[in-house]
Structure formats: structure tokens, C-alpha cells
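Have a look at these structures, which come just after this line.
You will see chain A twice below: alongside chain B first, and alongside chain C after that.
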Partner chain A sequence: MPAIAAPSKLSVFWGRRTERENELIEPNSPSRRTFLFFRQLIEEGNSTSKFLEIAGKYRELRTSLHDCNFLTDNWDSYDAPKPERHSMEMAEGLLRKLFADLFMANRVIPSAEGGVAIYFNNEKKTAYVEYRNSGSVILAMYDDKSDPIIIELSESDDDQSRALSLIKNYISA
Partner chain B sequence: MHQDGRAPDDALDATELFYRRYSLAHFVEGHVLPQSISFPKPSFNRSKYSNPEDVLHVDCCNGKELSGWGVVESAVADLCISRESGDKQKLTLYPKHVPLPTCYAHSELWCQSETSNDVKPSQSVKEKFRIELSRALKVRIPATA
Partner chain C sequence: MPTEALHFNKAPIREAIIAIQIHDLPEEIIKEIRRLPEQVGGAYPKNNEMSLGQFVGQISPQGTTASASQRSLGLQFHSADTKQLFQVRLNGFSFHRLAPYESWSPFRDEAFKLWNLYRQIVGPVKTINFSVRYINDLVVPAPARLEEYLQVHPELPVGMPELIRNYYLRLELPLEDRGAGEGLLTITQTLLPSEPGTASILLDNLFVYPALTVSDDILWKRIDAVQAVKNEVFLAALTTEMQKRIS
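Presenting the complex of A and B:
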């Protein structure tokens, strides 16, 4: 049994809807309290749904990272070294930071250079942080056409935060 | 497919294709990822002495069987990418036929400057090369794994 009336009935109940989909106008009537109650519920539901989505992706990426443990040298048949524990720990640290910031990457990928990359992309832009076995850290940001932006970072906590901030700004802009 | 005592063939046409294998782990929205390419001297098979599927043959795979892997390709001309180094030198990738005993078609992309035919690019330039190469390579045999 549905707890909330169908949208068409809600429209009647709340008087009117805006022309924009799913946006409700606060009524000037005794039903205002009901309206506020449901609006809060909807906002909480959306927020919880977003959080669960990010949490699910976080688990998926940690599993991908864990799977890198099972790679052996020459895993790509082009002599790629297996990712070393240190580079995977660095990647895991960035994943934790991302999760704390409720901003999630798309993939965790072993690198043919030896190491692990955390990869972000949307329709037009791509970014990654690659933690190499050598200890070097590369941040790359690019789209389909422009010259890639490459920044060499250290393994410090500050640089990890810097990478996160730069990627968020780049991908979200 | 084996070298069988044959010497390298230095005549490489700009329209000749270079093939390289890839897995789905390194594939997003129609392109291989830069993480599938390593420097120095990334490996390819040249089309003059190889079919695309030969890249997946165990003799050209360093002894590995790679079930479900695919093949990407690009014309040599599109892989000869240039970038400026930090000290303003022009660095350019160029193809070189480097046969292996069990894979005669094996070739590499080397990096040259105006003064040397074998330059190790900086981290930044190397990363730009990896990204540009990943943009240039197109799917020839789709990977399924």
C-alpha cells in the first residue's frame, strides 16, 4: 500500500507545481506543515541515496585495489612490474580522503609503469593520480583536445589534499 | 612469426600500422588508458610483419596466454608525437624495429631530441606522451576481458 499519494494527487493536495520537474512550491495554507515534513523527508532520502551510492563505489574501488595484490610481474605481458604495497597504501589513503569528502573516483587501475592509478572522468574531462612504485606521484588532467595538465606531486598528506582539491575543481568546473 | 636470423628492417612507412594488446581493465569510453602504456620504449607489432591477432599470440606475449584481450592500432605517423622538454628541447617519438627471437614484428617507440636518438623524457613529458598515445590508439580487435 503506497504511503504517499501519486504525483497527480499530490499536485492537487499542494495546490500547484512549478513548471520545473519535481520542484514544489510551498503552499500558503494549513497544509504547509505537511508540505515541510514531506520536503524534509525527500531531501533526507536524496541525501541518503547519494551517500549510499558513494559508499558503494568506495567499496567497489577498494576491492579493485585489493585485486591489484594478486598481480604478478609482467602482468600485462609488456614487462610491467606488479604494484608494490607502498603504492597501493598511498592509493588507499587517497580513496579514504575521497570518501571523507564524499567525492568518488571512477576506477582504480594498475599502471604499466609499476604502481596504481586512481582515475576520474566525466563526459568531457579526465583526471588521474598515479602512485608509482618508484615513489613518484603524477597528477594528470585533460580533455579530448587540450594539452594535458601534468603536475608532479610528493607522497605527503598535503599533496594528497592538493590533488583532491585540484581534481574536484577540474572535474566539476 | 619468429625472427629466424632475420635482421631488423629499418624501412618504416608512415602509413604502416602499429598494433598493441590491451585488456578491458584499461579501456574507458572507446580509448585505452594511459596506464596501459609504459616508458621507455613502449612495444608494438608492426603490420608489415604481423597480423593484428599475432599480437595476442603467446610467442609475442612474453610467454603469456591472454584470453579475452584485444588489440589497438594506429598509423605510425600518428604515434610520432612531439613535445617540448623543460629545457625547451623538442622531443619526438619515432618507430624502431626491434625483433625478438619469437616475434620478428616486435617494434618500439623511441624518443629522440635534436642531439640524441635515445632520450629519456622527464616525468611530465613522458606522461603527456602516454596520454597522446592513448588518444591515438583505436580498437582493432575488441577486448572481452
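Presenting the complex of A and C:
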């Protein structure tokens, strides 16, 4: 195996075709040639994971949910109450369940009724679960061709799983 | 000699990928690729088109110009439960298995089957490289010391704060030829979103090997040889304690 230069010579940033390329591995070793050949391809490979795409979306939606903490009453100028902590905790629970199942929503937004809604979309269909401050949980699924499906759920774990299953079937069908 | 299977009851694999990169095929092959849904059948009922967009902007003393272009790259297919997907592109092929991951054999066999379908459709190809990638999500109690669970981890000197809110570690390590050819291992670690009281550590092991215009037979023999290498690297990355946690 090739020798590796002293840690002090390790460069943090490797630009293309810079002299720094020589610092890591012996100039004439087969491994160095392999390394140069593959650098760009490795970068391309790093962008293809479905799991990392889902994890990135999960992180983004948690941030959106967290941002709801900063809303005040009348945040939409139409007297909408701010989302209460309990609604946000329920929404966070559903997001966790989605991530564990490697199925991710598209958006998290505050509800004009008071609460938080998690939206799922594909090209033609939309579904959302709305956790209201009142404690009610609404699942809605609709498209532009048929009547919307509205289901009232409880906050139980079983109903959360049921909502997830119904949405997956609807959106994926 | 077949490689001994490595199995953990609570395997942390969130995604496994076999990918083969090829020299760009002629644009007209995209028509052939669009015929693939008929042949794939019910196992992968959904597909969507993949395209490559390019924006070019130039600023010069003579003025500013901008142009945009888009071209079809291929198709991505999903299984009904969305746990398996594969991509057929003008520049390559990849098969992805999301959790739950069973074992190497069914994973590799499905990839092999789909690769053959792809080859039937697109005809001769010139391979460039192949890769095998395992993306793991290691869940450990938090707060805890990384070295209790990982053999590869960042070390901080005395005098620095001890708690890590997040970190990103990336190692690129040349691989000796052990049947798959000389290659390059890229290990990436960072923290993923986690449940309260736990930390989820991403352990992403990417094995890339050059495979310049090799036959399918040799290509898949070399892919098979990665199984032993990836098992060894995975085990070496974990402490005994972490291995117990996923057993």
C-alpha cells in the first residue's frame, strides 16, 4: 500500500488539477492513479442515495415545524391562532414515523384553523394530515377528478399508523 | 469460494446500492429505454423520467449571455412498496434496496436480473466503473462517547468542548485488489435526525472500482468479490458494543 504523507500536509480542499493532488499518495502508485480517475465519479455517486434524499427532506420538514414555534396569534392576519405545542408534538411524531418508514411528506405548514398540517403530493394527488389545537385530527385526500376523502382520526398511535398507510396507498397508487 | 454471509438481526442498513457507470450511449437509445416498462412488468409498476438540466451563464466585457437546455437521461422505476428502485440511464444503471435489507444474495441477484434487462434493451455498453454502497443508520444512546460504538471517529484534544452537536467525517481510502480489482473506499460519517435520547450516526461506505470495458461475466464476478470486502470494512468500523446492539 502507498505511504501517506504526514498529516500536516493533508489539504482540506482539493481543487481540480492542483498540486495538492500529490500530497496524499505517492505520485506513481497505482492507488494514486485510481484516486485521480475516480474523484469526480465519486462525487456523482454521492448524490444518488434515496435514503439521503429522504433524510434531507426530513431535516427540512423538522425545521419548518420548528419555525412554527415563532408564530403568534393572527399570524395570517385573518385571526388564525398560533399552533400549540401539543399539535406540533403530534406532527413531529408523524414525521418520525414517516422517516422510520422511509416515506416522506412534501411540506409542513401552520393551519389557519389553528394547528399544523403535513402535506403529501404527487403530480396529480394531494393528501394532508392536520393536527388541530382542538385535539382533532383530520386526514384529507383529493385530486381533480374525484370527490375528496375526509377522515377524522384520533391522536392514537394506531390512527397515526392508519393515516400513514392510507396516504401511502393513495399517493403511490 | 462463496463469501460467508454477515447477518445482524437489527441490521442498520437503510439503503444498499449497486451502480454501474458506462460511457454515454447515443441519445436515440432513450427510445429503447422507454420500452422497458413493458418488460419490467408488475414488480416495478411506477416509473418516472429522469432528465438532465443545464444552465450556462457568461459574463464578459461584450455582454452577458445565458442559455438553458434539458435532455432525457433515462427512467427510474419503483416497486409498489417503494422499497426497491432502479435507474436505467444513458450513462449507467443502479439498483437500490431500501430497508428492510435481507441479505447480499437477493440484493445482488435482483440487481443482476435488472442489469441484464437493461443490457438487452440498450445493447453493447462500455463500462467505466462499478460501485457498491451501504448506507447505515447506527442508533446509539445519547449522550455517549463515540468511541464506545465506533472504531473510526473524530478525536478532540483536551481543552476543546467535549460535546459534539454534529460532525462530518469523510475518508477516501485506496483498496487493494482482493478479487474486485483496485478500488477506492469512501467512508462518510455524520449525524442524522434522531429520536430524543438517542443519536443516529450515518455510516456510509462507498466502494468504487474501475472497470474499463469489461465483459458482463467479469464485471459481476468482481461485484461479487466486493461482498467480503464490504463485510470486513463494516465490522472493522464498529466496536464490539455496537455489534452487540445490532445483533
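The rule we apply is simple: the second predicted complex is superposed on the first by the 125 of 173 C-alpha atoms of A that agree within 3 Å, B and C clash if a C-alpha of one lies under 4 Å from a C-alpha of the other, contacts with A are read in each partner's own complex, and residues count from 1 in each chain.
As a convention for this text, a contact is a pair of C-beta atoms (placed from the backbone, for glycine too) under 8 Å apart; a residue touches a chain by one contact, two chains touch by 3 or more.
The structure presented is a predicted model; accordingly, all values stated were derived computationally and were not measured.
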Considering only touches as defined above, state whether A:50 meets chain B (first), chain C (second), both or neither. second
On the A-aligned overlay, A:59 touches which partner chain: chain B = first, chain C = second, or both, or neither? second
Now for A:147: first (chain B), second (chain C), both, or neither, which partner does it touch? first
After the superposition on A, what does A:102 contact: first (chain B), second (chain C), both or neither? second
What is the contact status of A:172 with respect to chain B (first) and chain C (second): first, second, both, or neither? second
Go through the superposed model and pick first if A:135 touches only chain B, second if only chain C, both, or neither. neither
Overlap of the chain B and chain C footprints on chain A, listed as residue numbers: none
What residues on chain A touch chain C, complex-wise? 1-2, 25, 29-31, 34-35, 37-38, 41-42, 44-46, 48-52, 55, 58-59, 62, 96, 99, 102-103, 168, 172
In their complex, what parts of chain B are in touch with chain A? 21, 23, 25-26, 28-29, 33-39, 42-43, 61-62, 64, 66, 123-124, 127-128, 131, 135
Residues of chain C touching chain A in the complex: 14-15, 17, 19, 21, 46, 80, 82-83, 85, 87, 94, 96, 98-99, 128-129, 131, 133, 135, 172, 174, 176, 182-184, 186, 188, 192-193, 195, 202, 204, 206, 208, 210
Could you list, by residue number, the parts of chain A that touch chain B in their complex? 74, 76-80, 106-107, 109-114, 117, 119, 121, 128, 130, 136, 138, 140, 142, 144, 147-148, 150, 152
